[in-house]
Amino acid sequence: MLEVHGLEAGYGDIQVLWGITLYVDGGAFAALVGPNGAGKSTLLKTLAGLLQGKAGSVLFDGREILHLSANERVKQGITLVPEGRRLYPGMTVRENLMMGAYTRSDRKGIGKDLEQVLLLFPPLLEKLPTLAGKLSGGLQQMCAIGRGLMSHPKLLLIDELSLGLAPLVVKEIVRIIRQINGAGTSVFIVEQDVHAAFSNAQYGFVLEGGRVTNSGKAQALLEDERIKKAYLGM
Amino acid sequence: MVFIQILLDGLLLGGVYAVIALGFSLVWGIMNIINISHGAFVMLGAYATYWITTRSGIDPFVALPITMAVMFMAGALVQRYIINYVVRAPASMTVTLTFGIQLLIVNLALGAWTANFRSITVPYAGARFFLGPFLFPYTRFFIFLIAFLLTAVMHLFITRTKTGAAIRATRMDLESAKLNGVNIRRIYIITFAVGAALAGAAGGMIAITYPISPMMGFSYLAISFIISVLGGLGSMAGPLIGGLIFGLIEALSSFLIGTGYKDIVAFTLLVVILLIRPSGILGREYY
Amino acid sequence: MVVLQGIQVTKHFGGLNALLTVDFEVRSGEILGLIGPNGSGKTTLINVISGFYPISSGQILFKGYPIHTLKPYKVANLGIARTFQVVRPFVQLRVIENVLVGALFGKNNLKVGVKESFRKAEQVLDLVGLSGKVDSPSGSLTLADRKKLELAKALAMEPELLLLDEVMAGLTFNEIEETMDLIRRINATGVTLLVIEHVIHAVLNLSHRIFVLHHGEKIAEGIPHEIVRSPQVIEAYLGQEYAKAYQERSDA
Amino acid sequence: MVKDFEKKNLLFLALICALGVLPLGIGVSTIRILTSVFMYIVLAQSWNIIGGYTGYVSFGNALFFGLGAYTTGILMLRLHTPFVLGLLASSAVAFGAAFLIGIPVLRLKGHYLAVATFGVAEALREVFNNLRKLSGGGEGLSFPLPAGDIRQVSYLFYYIMFILAILTMMMAYYVTRSSAGYAMVAIREDEDAANVMGIHTTKYKTLAFCLSALFTGVAGGAYGYWVTFIEPNNVFSINISVMMVIMVLLGGIGTLWGPVIGAFLLEILSDLLISRILEYHEAVLGFIIILVVLAAPRGVMEIVKDRKKFSLSYFLENIRKYQA
């Protein structure tokens, strides 16, 4: 579904990604891990169209999308849940969720998806009229993922899912993401927490210094000593 | 008695001020651009109303929506082909650029329409009614109502419509808005065009009550500054409340200290508020 | 001798405890490593030491003198320099002029003239290995060179205590080796260092002592080899489950 | 290197000498234009110190011009002080005003600073419109007429503005090469980073503001005596504040020679326009402002420094740089 070949990107003169090649199959749950500064967020921003890739190709459903803008990619079916949630703090939870459906005009479909999101994340229901800026971290992450789902994506990209969340909350959200994935949406998460990433994904990639240094079945990666080395240097 | 009448006059005038500042603070708040040419847009709106009224003979109040539509288009064009290219530029560039636009518009208007004052005469110009001992001219009273109406419509537009939500979203988190599929450029065009339409409405309202000339805009720019700072940039109610407060302050200071000093009071107020509370008296963190 | 001492340092942001009653000390002449996962409060600690944020409660003493109420420039004038994680060169100045600013102000603060400060800046650039790029516009440097420049700016201030915030993030293996070497040489000239680093193997090799922050609290402190074996640290970095699994594997 | 330096200096000296004897050979109206160019060099270069080098974009620097004009005027008219003493007083008043205004106002940044400086200038304009006894209020203030025939008078002001321009240039030259100058540029580039490097930012921002006021005030005093009649709406005008900004942008912001080039080009151009199309000259000026900001916001200096840049793609790149 998503095929990335030799992708190079960065900020201004500073190149961060050096020829990234990876893929996400239709319906898959894929994960990418890597230490701080490896270029994880840069990769996702480039995939979502917030940053322009300098070279390489990004194929989505067989179509080249490297030069599409962010809003065009949303229409194609790629949605990014950004690092740090990035909700609209002065909008209510409902308004935030509805902003997720901004590109859609099928009222019925939107209504159905809103119901679906509230089923997936029941705690959001009573918070609908609350300003998003006043939610706890876990609820914010739920709202952010819910907002992403409201665009009815084919591929959901999630950046730093576990950042700043208590382990139990992470577990709960990961469970829901598996549910989302089970319903047919492809999921690609980028994580620092190796376990949260690889114990749930089918396969994964390791990013170091702007390059993919390792990839394969998630279970195998989880047991790979090299990952620990990348993190703890032992 | 006289004192209360003066306050009432101040309030009525404050309504017009509110509409002048409404578009200005919208553009400032959403796009982070101080539009120095806002006063020139007010002037263009005044002339549009004037020409529509004098040429076609329709009532100036009826001409207001037409004026707004014309100014909306003008604003959209200016945003698309000029301002769009400096939206991310530092203040030195945006302020200077919009000053240039102002200079261009005002001097073209001077060339086309001369510096002479013109006024719209309506048959009901002198009509008034009394509420107890207090006097209300009909035109000013209507204008005051329209100011409220426009503020209410803007409030509904910003809070209840999808486009309004996208405008607020763009203001709160640009990247998130992009990720939700908002076309930022289009949002900016709509925002600036609405700002211009509101400037046009204000200009029309001024043309109904005062003589107009191409040079009229600048003092309204200054008023926009003051009211935006007074009311803060966080809401649609800000300019209304700021405008009413400013109308009162202006009336009071002319009455108590003298007409010559009202601008000193106004500008001193502007600077003092900026220093004490730059987000304005009613300013909110979020739009 | 203790150069810098933090007593019950606490910093709230709204309801969030970025730092919670953290006690720490930096001893004269040492390299102290500060590690912890993302969002654990490392950068916040540097920000409060350098006077960027006021602390919510507690005390920070520099050579026994309280500095937690001082403005950043005062802290700098006393002899504490810092770098920024996201480097902040003065983009429109040449490389040497960037460093010159540090030499002119910093600890000496105007006691040295412009000419002499230029010479000082040249020496520092030599030390960090940027002598070939003295006149380059600083905006045109590569990331590795920008990191070096960030270090040079701080070094030119002639600090007694240098706070380094992830100077190795984003560098290649060789560049990291170079930087480690450089930090050792700086330390050898008598500068005390507090080093935040995510490149763990570097910080383990480099530091005399290490302390670990997690969720704004100190969870461990000690010499490098003990630290990496601490279950709390492994858990903080790799998650509870991973730590458990790792423990089982190494037991087996 | 040394030779290069000497060549530059020689060129500069030759230019000064040429401009020094130039008025002897040209008509009074040309002298007048050049006098005006020199005055705007003073204003633009002064603004450049706070707006260009320090990055605090003031839109109210006309207030120093106005204060200077009125200080000299009031002293000459009411106390019959000599002109030169008036100028000295103007510099002191402008400097002092900048100090008092700068400390609170320079805490603001960006748009808020722009609006606040504009507000202070407008408030002062209104104050002088109302100080009838002291300043003549809105009716303006007439200076004593300078002695001599038209040509002699035009020489006098030519040389006054010429010397002021040289002094301002020298100030800019020496300040930007001093530690204070480096502090100012560091503040512009990244105020927080400057702060942690040990720079007392408030001190240097205020200093920059005071220096930018100094010769602006003197130029105001000289201007009043030159044109013999001033009114608040004229000398405190936002147009003067904006002209300073435009000239610096046109020439090259934060450069030594940018303000000179900008003042020269814009003053000559606006004079040409006035003589050709009086009615629309300000409209054309507005158009030029728009073009400069869009296509060459870093001014002529950048193109002078690197002539290869002078191409369509350079301008297109500038236009695209800040778009949404």
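Annotations
As written, the chains take the letters A, B, C and D, and residue 1 is the first residue of each chain.
Note that a contact is a pair of C-beta atoms (placed from the backbone, for glycine too) under 8 Å apart; a residue touches a chain by one contact, two chains touch by 3 or more.
Note that the structure is a prediction, hence the values are computed from the model and not measured.
Between subunit B and subunit C, the least number of touching-chain steps is 2.
Considering every other chain in turn, the ones in contact with both subunit A and subunit D prove to be B, C. Comparing the CA-atom centres of all chains against that of subunit D, the greatest distance is found for A.
The interface carrying the most C-beta pairs in contact is the one between chains B-D. The geometric centre of subunit C is 43 Å away from that of subunit D, both derived from CA atoms. With each centre defined as the average position of its C-alpha atoms, the distance from subunit A to subunit C rounds to 31 Å.
The multi-chain contact residues of subunit A, meaning those touching 2 or more other chains, do not exist; every residue touches at most one other chain. Shared interface positions of subunit D, i.e. residues touching 2 or more other chains, are not present.
Contact topology of the protein chains: cyclic, one closed ring where each chain has exactly two touching partners. Which chains touch which is summed up as A-B, A-C, B-D, C-D.
Subunit C meets subunit D in the complex at residues 50-52, 71-73, 75-77, 81-82, 84, 88-93, 97, 100-102, 104-107, 109-110, 113-114, 117, 153-154, 157. Across the interface of their complex, subunit C is touched by residues 13-14, 16, 35-37, 39, 160, 162-164, 167, 192-196, 199, 209-210, 222-223, 228-229, 231-234 of subunit A.
Of all residues in subunit A, only 48-50, 69-71, 74-75, 79-80, 82, 86-91, 95, 98-100, 102-103, 131, 133, 147, 151 touch subunit B in the complex they form.
Residue ranges of subunit C in contact with subunit A, taken from their complex: 37-39, 139-140, 142-143, 146, 166, 169-173, 198-202, 204, 228, 234, 237-242, 245-246, 249. If you check the complex, the residues on subunit D that touch subunit C are 177-179, 182-183, 185-186, 189-190, 192-201, 254.
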